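One chain, subunit A, appears in both complexes that follow, with subunit B as partner in the first and subunit C in the second.
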Partner chain A sequence: MRKKTAILTAGAILMAGLLSGCQKQAEDSGQAPAAEQNRQEEGTEQEAQADQETDSQEQVTLRFSWWGGDSRHEATLECIKVFEEENPNIKIEAEYGGFDGYQDKISASLSGQTEADIMQLDQPWMATFMAQNPDFFLNIRDYADCISLDGFSEDFLDDFCVYADKLVSLPTGTNALNLLANQAVMDEADITFSDVITWEDFYEQGKKVNEVNPENYFINMDNGIAFYATRIYLMQLTNRQLINEDYTLGVTVDEMEEAFAYTKKLYDDKVIIPYEESMIFKGAPQDNPKWNNNQLGCWLNWSSQADQQQWGENAVSLPYPCIEGAENSGVLVRPSQVLAVSANCEHPKEAMKFLDFMFNQEAGILALKDCRSIPPTEKGRKILEENGLISEQASRAVDLAMANPGMPELDVPNTTEVQDTFSAIIEKMIYGQYAGPREAAEEAHKLMSDMLATVKADME
Partner chain B sequence: MSRKKRYHKIISYCLLTAVAVIMLYPLVWMLFASFKGNEEIFRASLLPETWTLDGYRNGWKGSGQYTYATFFKNTFLMVLPMVIFTVLSASFVAFGFARFKFWGKKFFFALMMGCMMLPNAVMIIPRYIMFRNMGWLDTYLPFIVPCVFGGGSFFIFMFIQFFRGVPRELDESAYVDGCSSIMVYFRIVMPLAKPAVFSAMIFQFMWSWNDFFGPLLYINNVSKYPLALGLRMSMDVNMSISWNNIIAMALVSIIPLVVLFFCAQKYFVEGVAATGIKG
Partner chain C sequence: MKKKMKRNKGLFFILPWIIGLLWFQMYPFVMSLYYSFTNYTMLKEPKLVGLTNYVRLLTSDMEFWPSMKVTAIYALVVVPCKLAFALIIAMLLNKNVKGIGMFRTLYYLPSILGGSIAIAVVWKILFMRDGAVNHLLSGLGIGPRDWLGSPNTALGTICILSVWQFGSSMVLFLAALKQVPASLYEAAIIDGANRFQCFFKITLPMITSILFFNLIMQMINALQEFTSAFVITGGGPMKSTYVLGMKLYTDAFKYYKMGYASALSWIMFLIIICLSMLVFKSSSAWVYYEDGGEF
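== the complex of A and B ==
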C-alpha cells in the first residue's frame, strides 16, 4: 500500500513537472518568434521612415558582439552606457564572451545570417570571410555622413581593412611588434643597447644574464620564437614574403639556414629560457613566476601584451632587433582587432554612429580606454595619453614601430598548416633532432613547398 | 591460505589508493588553488601561503553585468527540463522497441542506431539552420525540444538494453491481472528500471551541464548564458586572466554534479535482481 502511494506521488510529481515544463516552453516559444517579428517589423518601418527623415526617434536595437577579458567587457559596457544616454532611441545589446569558440560562433552565424549587427573580428579571419562572401559586411565609406574616417591612417586601412575596394572593417587599435625589456635585469648583467639593436648585439649581450646567474635568462619566450625571431629575421634578411601570393616559398634554403642558425644559437648559449621550462607556460610566458621576480630579461611580443608585467619603473620598450642595413625593418604593425558591420544590419546609420562614437567622440574614447590596444586614431591616442590611461610601454612600442614599419605579411597564402610546419621544424631543431641548421632548413624547405603545392591544388 | 589472501588484499588496496590519489590530485589542487591569490596560483606549492576568499567573492560578481546567480539559474532552467524529458521520453520509446512488435520495427530501430553513428560535427550546421528557421535561436528550445522526442539514440538504446533484462513474465502477470500497456510501463517496468533511470539522469545532467559548444552557438544574449559560457567569459588570449576567480567559480559550478552523483550513486548498484524478482 505504501509502495503504491509512493509510486503514485512520484508519478504525480513527474506529470506536474512535465506539464509545467510544457507550459513554460509554450510561453517561451510563443514569445521568442513574436519578439523577432516585432523586431523585423520595426526594422522595415524604420527603414521606410529613415528615407523621409534621417533623425527618426523610433526605438532602435543593435546587437554588438565581441570577445575579451573582464577589463574589456567592463570598459565596453561602460561605453555602451554612455552612448545610450546620449542617444536614448538606440539600444545596444551586448553579446560578449571569451575567445574560446568565438570564431566558430561567428562563422556559424554568418552562414546562418544571424550575426550581430556590429562584430569584433580578428584581422586574419577577414581573408577567409571575404572569400566566402564578399558582401558579408557593409562598405563603411558609404556612410561618410555618419562616421568620420579622418583620424585613421589611409595606408593602414588599405593594408588591412580594404577588400575589393570596399572598406569592410575598421581597426580597433594599433598593435606592433615590440621588444619589452626589464631594466633591472639588464643592469644586473651590465647590458646596454644603443639606439639600433642588431640581432648579433641582442645575442652577445643577452648571454650575460645567464652568465651572471645560471638560474636567469635574458629572453622569456615559448615556441613563439619561431615567429618573433626566426621569421622576422628572415623577413629582414630577404625583404621578401615567406610565402608568395602564388603559393611558392619566397626564401631559399641558404637564407633559412642563416635564420635557423641564429635561433639555435639563442638556445645553445642559454640566451633564451630552455624550451622545456618555457613550454610549461605555453601561450602565457608572463605566468612564469620568474617573470615578475626580475629573473627574466625581456620578450619579443605584440605591444598589446606590454602591460603583462609588474616591473614598475623597470619596464622599457626597446627598438626591435634588426639586421644592420636591412631594407625591411620587419616590425609588423597590424590592427589589434577589427570591427565590421553586417550587411544584414537593419539600422546601418545607427551602427555607424556607434562606431563613430567609439572612435571619434571623446566620451566614447575615454570610456573604452586602451581595452583594445592603442587607439587607431591620432586624436584617440592623444586623449588617452593626456589622461594617463594608456600603457606607456605599449605607446612607445607603437611609436618605435611607426617610425619604420615593416612590410605587412600577406594573409591569403599564410595558411596555418604551413605556419605550423615551420614552427614544428624549429621545435625539432631546438631539441637536437637535426644534425644542424642546414638539415633543418632543407627539411623545412621541402616540407613547406610540398604543403604549399597541396594547398594551392585545393584552392584551384 | 588466508595469509596469502591478506597479502593480496594489501597489495590491491595499496595500488587502488595510489591510483585514487593520482586521479584526485587535480581536484584537490583545484580546491586549494581556489583559496590562493592570483599571483600565487602558478607557484609549485599545493597549499596556499595566505588563505583568501577573494576568488569566490570577486568571481561570483562575474564581469559586471550579470553575477553567477544568473548563470546558475540559466543552467538549471536549461538542464532540468532536459533531464526530465530525456528520462521520460527515452524510456517510453525504448519500452516500445523492447516490448512490442509493430510494422517497420526493424527499419526504425536501424534508423535510430544509424543516428547514433552519425558524427556530431556533420549535424551542427543543418541543425543550426533548422532552429534558426524555427525562430528558436537565443532560447533553450534547441536543447529541450529534442529531449521531448526521444532525447537521443544513446539513451533510447541504453533503456532498450535494460528493458531486455527485465523478465517479460512480470509484464505478463500484470496483463493477466488486467493491467493496460501504459500501466505496465509506469508501474512494472519503470520502477524496476531505477538504475537505468538514474544513469540516464546523471549522464544527461553531466553532459548538458558541461556542454560548451551548443550554448555557444545558440545563445547570444549574455543574460541567458549558462555556466559553461559564463566561466569562459573572462578568458581572453592576450589579457591577464584572474585565474583564482575562474578556478573558484569552476569549483562552485561542479558542486551540483558532485552532489547529484553521490546522492544517486547507490541506485547504480541496485540491480534488477534485488528489486524485481524478490519483491
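== the complex of A and C ==
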C-alpha cells in the first residue's frame, strides 16, 4: 500500500511538472502572437503602457547584450552600476562575451523571440536583419521624450542607422579605417612617410622591415583585413562601389587584376607577414606574439581596434595609403557598432532612458570611456577629452579619416558571403593557385557574379 | 487487467524520455527535412522551393564536392588509424603489470578532454610556428613549419588530434580482449603458434564484434567532424580542412541559409546511413559472434 502511494505521489509530481511546463509553454506561445501584434501597433500604445509603468516606479528588469574584450566589459558593467544607482527601480542584466559566435546567438534569439531588450550589433549585420524583418527593432524617434538625439550627426544616423524611414539603432562610436604603425619598427628600418602616403611609397618603405631583419614584417594582416585593403584599393582606383545596389559587380576584371597584383606584390616581397604564419591568428592578428614584440610594423584596421597593442608611445596613427589623385579616398567611416532596442521589449521607455544615460549623461559617458571607440556625440567626445580618457591613436585616426572620408559603402559588399568569396580568392592567389593576378581576377569576377545572382534570387 | 496496469506504469515512467525523444530529436529531425525543401533563413517564414536546394548543392555549389573530398580523406585517415592505435594500446594495457590501472586512466584522459574547445585551442598553440612541436623538431635539426598554415599539413594536424582521442575505442577493445578465453591461446601455443599467429587467428576474430561496433561509431563521428576544424583552422587554409560539418555551419549560421544547410544535413545523413548499411551488410563475412549473432 505504502509502495503504491509512493508511486502515485511520484507520478502526480511528474504530471504536475509536465503540466506546468505545458502551461508555461502555452503562456509563452500566447505571448508570441501578442508580441508580433505589438510590433504592428502604433508606438503610442507602448508609450502609454510604459508611462504607466514608470509612474508606478515598478521594478523593471532589462537585458543588455554586447560583445567585447575585458576593458569594454569592465567599462560597461561600471556604467550599468552607476545607472542602477541613479535609477533604483531599473535593473540591467548584463549578457556579454567575445565576438566569436555572437552573431549566431543574436540571429537565433531574434528567430525565437528571446533576444535581449538592448543589443549591441555590428552595423553591417543590420542590412540582413532588416531585409528579413523590418520590425525587429523599435523606432528610436518614437521615444524622443526619453532620449535626446541632438548630439548625433543627422547625416551619420541617416547613412547607417535609418531603414525604411525608421531610426532602428544608434551608433556607439565613430570607427574609421586607419594605418596604425609602430614607430620603433619603422625607426629600425629607417622608414619615413610624408603627410600623404601613396601605395607605392607604402610598398617601397615597407619592404625595408624584412630586409633589415628576415623574421620581421611591416604589415600584420589576416584575410579579413586583406579583403578590406584590396577593396579600398579598388574603390580608390575606380571611384565606384565594389558591388552595385542591383547585385552586380561594380568593377571590371582589369581593375580587379590591378588591385590583386598590388596585394600579391606585398605578399611576394614579404611586406606582409606570410599567409601561412598569419592564418592561425585569423580574426585576431593582435594575438600573434610578434605584434607586441616589435616584430610587426603596422596594420590597416579599424580605429576601434587601435588599443590592441602594447607599444606605449611608439603607437602612431598615420593616413591610410592612397592612389595619387584618387577622387575617392576609400577610407570607410562607419559606426563602431550600433545599439538597438528589441520590438519585444516590454519596457521601451526604460531601455531608451538607459541609452540616453550611455550617450548623453556625463556619468554614463565617463563610465564607458572610449570602450566603443570615439563617442558619436560632440558632447561625449569633449567630456572624454577634458578628462584625458580618449585613446590618442583612435582620436587621430578618426580625425584623419573625417578629413577626407571615402564614399559611404553600400550594405551588399558587407555581407559575410561576399567577404568570404572575395577573401577565398585572395587566399588562393597568395598560395600560388593561379597563374597570376589576371586568372585570379577572372575567377573572382565569375564567382562573385554567380554568387550575387544566387543571393539576389534568394532575396526575391 | 493487472498486466495492463503494469505495462501502463512502465510507460508512465519512461514518458519523460519519450517526450524528450519526440520533442528534442524527432521534431528537429522531421522539421529539418521540411526546411530542406524551403528557403528558410531563420529570421523569416520559410517558403517552399522544391528540390532547388538539393539540385544547387549537387550541381552548382563550388564548395560541396571539395568539402566532400576533405571529409572523405579525413574519415579514411582517422578511422583506421584511431582503431589501430586504440587496439595496440589496449593490448599493451591488457598485461598484468604493476600500476596498470594508472596507465589505463592516463591513456583514457585525452578522450575526456578531447571533445572540448579548450583542447582544440591547446592543439593550435602546440602546432603554431613558435609552438612546442616546432621547438622539439628544431632539436632534431628540422626547421620551423607552419603546420596549420600550410594546405598540405593542416588536415593531417587535425587528424592527429582526432587519432589521439582513442580512449573510448580503447576501453571497448580492452573489455573485448579480457573476454578472449585464455585456453585458446594455451592450446595454440602448445600447437606451436607464434605471437602473430595468435593475434591474427585468435585475438582478432574473437574481438571482431567490438571492432565492428567501433568502426561504425568512429565512422559516423568522423563524417560529422566539426569542432577541431572550426576552432583550430576555421576550415582553412584554402579550405583544406573545410569538412562538411564546417560547410553546414557556415551556410546555416553565417549565411543564414538554414533551408540550404538542412538539405546538406540530409545529404550527410543519407551518406552516413548508406555507409553504415554497407558495413552492416559486410559484417556477416567478417564479424564472429560466439552465439551465432542471433538477436
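As a convention for this text, the second predicted complex is superposed on the first by the 398 of 460 C-alpha atoms of A that agree within 3 Å, B and C clash if a C-alpha of one lies under 4 Å from a C-alpha of the other, contacts with A are read in each partner's own complex, and residues count from 1 in each chain.
Here is the rule we use: a residue touches a chain if its C-beta (ideal position, glycine included) is under 8 Å from a C-beta of that chain, and two chains touch if they have at least 3 such contacts.
Because the structure is predicted, anything quoted here is derived from the model rather than measured.
In the superposed model, A:E277 makes contact with subunit C only, not with subunit B.
Using the contact criterion defined above for the overlaid structures, shared-chain residue A:S71 touches subunit B, although it does not reach subunit C. By the touch criterion stated above, A:E439 is placed in contact with neither subunit B nor subunit C. In the superposition on chain A, A:R63 makes contact with subunit B only, while subunit C stays out of contact range. Touch criterion met: A:Y96 reaches subunit B, while subunit C stays clear of it. Of the two partner chains, subunit B and subunit C are each touched by A:A108.
Of the two partner chains, subunit B is the only one that A:Q308 touches; subunit C does not reach it. Of the two partner chains, subunit B is the only one that A:A116 touches; subunit C does not reach it.
In the superposed model, A:D159 lies in contact with neither subunit B nor subunit C. Counting the residues of subunit A touched by each of subunit B and subunit C gives the higher count for B. Put simply, subunit A uses residues 7, 11, 14, 18, 104, 108, 111, 283, 289 to touch subunit B in one complex and subunit C in the other.
Those residues of subunit A lying in contact with subunit C across their complex are 7, 11, 14, 18, 103-104, 107-108, 110-111, 128-129, 132-133, 136, 223, 274-280, 282-283, 289, 416-417, 420, 424, 427-428, 431, 433, 447, 450, 454, 458. Only residues 39, 42-43, 63-65, 81, 84-85, 88, 124-125, 128-129, 132, 135-141, 144-145, 186-187, 191, 212-213, 216-217, 220-222, 225, 229, 232-242 of subunit B touch subunit A when the two sit together in their complex. The touching residues of subunit C, when paired with subunit A in their complex, are 9, 12, 15-16, 19, 39, 41-44, 56, 60, 62, 124, 128-130, 146, 148-151, 233-234, 236-239, 250, 253-257. For subunit A in complex with subunit B, the residues that touch the partner chain are 7, 11, 14, 17-18, 21, 24-25, 28-29, 32-33, 36, 63, 65, 67-74, 77, 93-101, 104-105, 108, 111-114, 116, 281, 283, 286-289, 292, 302, 304-305, 307-308.
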